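All chains are identified by letter, namely A, B, C and D, in their written order; residue positions are counted from 1 within each chain.
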Amino acid sequence: MVNLPTTPTDIIPFIIAIVTSHTFITLVIFPGFIHLTIVVMFLTWYERKLLARIQLRIGPLYAGGPGGILQPIADGVKLIFKEIMIPYKAEKPLFLGIPLALVFLGALPFAVIPFGQHWVIADLDVGLVFIFAVASLFPSMILIFAWASNSKYPFLGGLRSLFQQVAYEIPMWISALSVVMLAGSLNLVQIVDAQHKIWFIGPAFLSFIVFFIATMAELERLPFDLPSAEPELVAGWFTESSGAVFMVIFLALYMKLYLMSSLITVLFLGGWWGPTFLPQPVWFILKTLVVATAIIIPRGVYARLRVDLLIKVGWTRLLIIALVNVFITVVLVSTGMLPGLGL
Amino acid sequence: MPGLVSYIIVSAALLGIGIYGLSVKRNAIRILFAVELIVNAANLNFVAFARYMNPPKLSGQVIVFYSIAAAAMEAAVGLALILVAFRLNSSIDVRKLNKLKG
Amino acid sequence: MALNPWLLIVIWGIILLILTGPMITLPIFWSRRKPDQFRDMPFESGQVPQGEARKRIVMQYYPYLLMFLVFDVVGMFLFAWGMSFTTIPTGDSLLVLLFLFLLGAPLGYALKMALDRENW
Amino acid sequence: MDLSVPPDITFVVLTTITLLAAIMALQAKELIYGAISLGISFIGIAGFFVSLDAPYLGMLQIAVYVGAVVVLILFTIMLVRREEVDKDETGETGESAAGLWLAGLLAVSIAGIAALAGPNLPTTPPEANLPISQLGAVLAGAYPVPLIILALLLSAALLGALVLAKVDR
């Protein structure tokens, strides 16, 4: 590390040394803030384009630049300058604070996601559990926000969101358990390293399916979008949000979409591994975008489930399939049928 | 790193806050809060002592595993009891739960 | 140079706070702030809202919440076991599987109770 | 220079957060704010665990306490009617003064004993700490009986809470 400046002339070299250090670059530029902002804005644009193609809606196509690529910026500027409506008798500090907490918690886990062998902000020993712990704060946040809005639709949507996320969190954990057992570590860098030869989608295929479905339910994507079912609940738990509050919630939701897609890439799709003609982060982002596409597409295709069926499926089918895969992994690993996984 | 004494003092303060809530509050949910705080004070002590032990051992952390599990289950049963009390008495004030008093 | 990863996470959190905080705290300044009871009424299909919004809520899904609490704890125990699964003796792993197996019965019974609408 | 924060700052910040949030949890006017403060206090304790080189426990604390117990508490608060929940609940002044005195006496005496024993207590932790990957081995290997008892405890609590909460017809 560089020495702290003692004389005024030392300050500029000090700043340059800080700015060019690997830590600073990982924090601010590549897996850090700038990259995250760009990708999340891209995802909002990408989802619109994709759905427009699927459902033949050619709406936001002409908002400046090729293919309406400036649309997210236009949206952002529009939303920032709109009025923030705070419902009558709402809990003001919670109503304004929870959206910020949501976007903060959505972006915090990116610190442990490895975008390449050295492209990770914090190489944490308990990375996977850290992500799950942070993600487990979302349901209560959403419930509190819905309660703070003092309106019936958000409250109903918030309760649905709570039960749905709670029902799908456990299958998600148990399906990730097989991966942890195969890699023998909770460190995400080591988990990706262990997939050098075989991606874990092979030995843990059932887990992959469970994890993918659980991810869609956690993200409240169709066919699991009950908490924000437009025909029934207006806009679900964020019905009363407007202006900047709405923008921040929107941002948090896309942040979570990117987070869960990259988590699937890390756990099952071999992370940064790929033919060497492209650099590692490029492979990682390509895979993540493919996963995100697979999560977005059903929105243009499916209808939604009923809430009690949804919860029942999560607790009976998915949990049992995930447990079956854990047993398969126990047998596979303890009989030595999976050599050369870095075990 | 601060010495072991500082951790013990923090944990004692947390215990004091918990005891205060336990002895003064009348709302059953608040009393549950106080109990959880007391359990956390104990957990903090376990982890701190385990860290300062020489040679290091993991037993202190393992017992906190069990302690957290037990405290979570205690909260589940406690909240179910509060629900029943509310249904029977339409109040969660612990001093109104005196139907068994002759 | 290897900084403590937790310190890096804290720095990352501070950066996030600095950069995302203004997204709501700044627009409040140019947003109209005088509250108006009639204008700020909650949305209710275009009607005047009736009754209180934070009414008592249904119990129907309460058992699932309890099951979540139990399996949250179990999941964390399983992660601790899974990360050292390859290094511990098979007998210990069998013990953990027995632990899981023992929890199967109450889970099944709880599911049966939860699905029975008469109870809630 | 080593750019790592002196741990004393961490300690002071965590202590402030934890204790203030704990007081708020008991004294906040509305029970919902109390529950949120309780969650923040638990996160503070998790921070202590992380700073004491027990990161896995910290994550367990957040996932179980903040992710599940606080959710259950919020749900119960919302199930119980509001007027009931937010009633003025502290006893008379004399009573609360007595409670304060009792709690203060207890805390001060424990802290005093600790401070008296201070010179004999270790001031620096040993350098070597065990890696977290051993946690699973200790959990499953060294304590087999508690693990099975834990399974029974979890089952009993789940079924007990369900039977208690169900509506009798």
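Convention: contacts are C-beta pairs under 8 Å (C-beta built on N, C-alpha and C of every residue); 3 or more make two chains touch, one makes a residue touch a chain.
Note that this is a predicted model, so its numbers are computed, not measured.
Measuring from the average of all protein CA coordinates, the nearest chain centre is that of C. With chains reduced to the mean position of their C-alpha atoms, the one farthest from chain C is B.
Ranking A-D and C-D by contacting C-beta pairs places C-D first. Rounded to whole angstrom units, the spacing between the C-alpha centres of chain A and chain D is 28.
Distance between chain centres (mean CA atoms), chain C to chain D: 17 Å.
Look at where the CA atoms of chain B average out and do the same for chain C: the two points lie 21 Å apart.
For this pair, chain B with chain D, the centres built from the Cα atoms lie 7 Å apart.
Taken residue by residue, chain B touches two or more other chains at 65, 68-69, 72-73, 75-76, 80, whereas all remaining positions touch fewer. Among the residues of chain D, those in touch with two or more other chains are 3, 55-56, 59-60, 63-64, 67-69, 71-72, 75, 78-80, 132-135, 139, 150, 154, 157-158, 161-162, 165, 167. Taken residue by residue, chain A touches two or more other chains at 1, 124-125, 129, 136, 147, 166, 184-186, whereas all remaining positions touch fewer.
Contact topology of the protein chains: irregular, matching none of line, ring, star or complete.
In this structure, the chains touch in the following pairs: A-C, A-D, B-C, B-D, C-D. Within the complex formed with chain B, the residues of chain C that make contact are 66, 69-70, 72-73, 76-77, 80. Remark: chain D residues 3-5, 50, 55-56, 59-60, 63-64, 67-69, 71-72, 75, 78-82, 132-137, 139-141, 144, 147-148, 150-152, 154-155, 157-159, 161-162, 165-167, 169 touch chain C in the complex. For chain C in complex with chain A, the touching residues are 1, 3, 5-6, 8-9, 11-13, 15-17, 19-21, 23-24, 26-28, 30-32, 35, 37, 40-45, 49, 53-54, 57, 60-61, 64-65, 67-68, 71-72, 75-76, 78-79, 82-87, 90, 93, 97, 100, 111, 114-115. Within the complex formed with chain D, the residues of chain A that make contact are 1-4, 91, 94, 124-126, 129-130, 132-134, 136-137, 139-140, 143-144, 147, 162, 166, 184-186. Remark: chain B residues 65, 68-69, 72-73, 75-76, 80 touch chain C in the complex.
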